[in-house]
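Each of the two complexes below includes chain A, the first together with chain B, the second together with chain C.
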Partner chain A sequence: MTFLHLFIVNKSGGLIHHRPLSKHAPHIGTNDWLRIGSTFHSLHAIAAEASPVKSKHKNDGIEFIEAEGLILCCFQTRTGIKFVITAEPGTRNLQKVLREIYVSYADCTLKDPFYELEMPIRCELFTQAVDDIMRQYG
Partner chain B sequence: MSKSSITASGHTLWSKMPKANTELFALTYGSLITELLKDYDNDIEEINNQLERIGHSIGIRCIDELLAKSEVNGIDIGPCSNLENTAEVVAKIGFRCFLGMTCDVANVTEKSFSLFLYENPLSIFVELPETTNGDDDDRHQSFNSDGKENSGGGPDWSKLKYSNVYCGVIRGALEQINMKVECDFVRDVLRGHDVNEIKVELKEIMSDGAGQDYHEE
Partner chain C sequence: MSRSTKETSILDRNILKQRSDQVSLSAFSYIYSELVQYHQSRVSNISELEEKLASAGYGVGFKVLELLAYRSRENKRETRIMSILQFISSIAWKALFGKAADSLERSIDHADEYMIFDYNPVTSIYVSAHQSAADAYISGVIAGILEGAGFTATVSAHAVQLEEGESRRSSIGLPVKKDKAVFLVKFSPQILERDTTLER
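The block that comes next holds the complex of A and B.
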């Protein structure tokens, strides 16, 4: 029951981070990643509009996709960033992991003085923090 | 969220945050101000603007940290139903968890609110010098308590918004959650008033999302 991939989409739909989370994760090329990121962003927005029930929480959209071969969990922050994680079916704690990753994002990426908001994340500290989270939950 | 739970959340988050030395913090900020004075040649207006800009860069990052840390600590801030709610969160959770400050909300209208800051950690060692009207013949020297010298013909110190960085932080943070605000430091203990007051005015609530095209008619 392992995690497969993590990707982070910014407010405008651009992919700012993607990485495999284990050895089992299939390899996905960079262009495919960019496509996945923007497609997910649009689907998330359309799902919020298409929903028959308006949620009280403004963060309406795709939260969880369960398919035969994988499960996908998305957490959209109030500031518009989407943290998306995929895993093999049966994996638990997806929501918790996403929230921990959000905290690492705030502590490692945002506090990096050279990081510009909405830009691709290239922070060593963030990568290590996600590795630590994976070690804890994986 | 009720007012008492907001205050309790602020205290919880404050206890979880790593702490820094207050004096180091205040003196570092003071030296930042001194550098700005040198860089901008005592142009007080420009310095106020720069402080606001610096605060803005800080604010856009603080909001994510606040939201992230409250999620993992089981505090559900929840979408704010009105401006007063937002003001309470900024005052009781925001200022409390990052700076340990007690802050009160007042004068809430539909489009604005005021924040009263009681102790200001940034200005604990500061005294603004007297504004001197300079004559070249009559060089008057005054000192602020950091020991920095200020020669006469000088800038109008009463216009310096020493803690203007807070205004920028509030503006930046609220901008990230789609609220466009303007903040102003209207009363300042350093300038002789009895309390620090920041006035926040809501300009507009920006909308993001699928955009107008996808809405049903």
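The block that comes next holds the complex of A and C.
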């Protein structure tokens, strides 16, 4: 019923943000995170190619993974940035939370003149905004 | 070139009427962010960036002073330090940002320093680091207004932590900031002398 992790992958597959969303979230080392980011990016691209039906949105790729121990939801923007959130099975509102995180990203990172695009996100306002979203939904 | 039915160009509008046209905050933030990034690619350190942004705001200050002084229909111009600072923190701030500045204080340690406080200046609403650098534009505007009114001063922007009791004005949808912006106005000694002479 709780959210576990959030990670954001840029257009070229590099991980630009990762964070735990609750105390239950298992700890993942930095190298593992980088591996997860690039693996997910490749799987996403392969899924888009392997799909028998081409969707109209052009945002083909993995949207939802449901496993025994976790559920994973991915939202890809038109610019190729992928917001991925993991949670314990049974958690609801994943899509909604991802959209709100996207809005906070557009506000706190894209409007910050000192943030370089596609680079790791170091904006405190973004971290705070995600905290607020978690407080609201977690 | 004005049409008889509806005024189309900005030059045809009545200068006395204060139109409160609303501009989207996102549009302003993106344009301002682009201005900051433009200068950042042409400077080598952050103080140069602040100088460039301040000079961008300087011209705005001159013009804002002229326009607001004309609109207010006052026959006398401000000659005292407190009155020009009050003009800036209430009338100019309201015209530029939609609300008066949060407070105006005189520094206790230095007699020539005054401070204008703003909890969330529009230039740094979404800025996480180097907030005072982004606010350098507003320092430039203040400096322009003061120079145009005949007061030589150096204005700098700083970020100070909010004290315990102060309410963080968190409008819905805007990020909550931990710091408030202070615009430090330091007048030159001749201006202070002139002000004390006028007091008598």
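What we mean here is this: the second predicted complex is superposed on the first by the 138 of 138 C-alpha atoms of A that agree within 3 Å, B and C clash if a C-alpha of one lies under 4 Å from a C-alpha of the other, contacts with A are read in each partner's own complex, and residues count from 1 in each chain.
The rule is short, and it goes like this: a contact is a pair of C-beta atoms (placed from the backbone, for glycine too) under 8 Å apart; a residue touches a chain by one contact, two chains touch by 3 or more.
Since this is a predicted model, take the numbers as computed values, not measurements.
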Is A:V130 touching the first partner chain B, the second partner chain C, both, or neither of them?
neither
Contact-wise, after the overlay, does A:L15 reach chain B, chain C, both or neither (first, second, both, neither)?
neither
Looking at the overlay, does A:T77 come into contact with chain B only (first), chain C only (second), both, or neither?
first
Determine, under the contact definition given at the top, whether A:V97 touches first (chain B), second (chain C), both, or neither.
neither
Which of chain B and chain C A:I46 touches, first, second, both or neither:
first
So, A:R122: does it touch chain B (first), chain C (second), both, or neither?
second
By residue count, which of the two partners contacts chain A more extensively, chain B or chain C?
B
Just to be sure I read the superposition right, which of the two partners does A:C108 touch: chain B = first, chain C = second, or both, or neither?
second
Who does A:I85 touch here: chain B (first), chain C (second), both, or neither?
neither
Footprint overlap on chain A, comparing chain B with chain C
107, 110-111
Where on chain B does chain A make contact in their complex?
60-61, 63-65, 67-69, 71-72, 78-79, 176-177, 208-210, 214-216
Write out the stretch or stretches of chain C touching chain A in their complex.
26, 29-30, 32-37, 40, 125-130, 134, 175-177
Which stretch or stretches of chain A touch chain C in the complex?
107-108, 110-115, 122-126, 128-129
Interface residues, chain A side, partner chain B - complex
11, 45-46, 48-49, 56-58, 77-81, 99-100, 102-103, 105-107, 110-111, 117
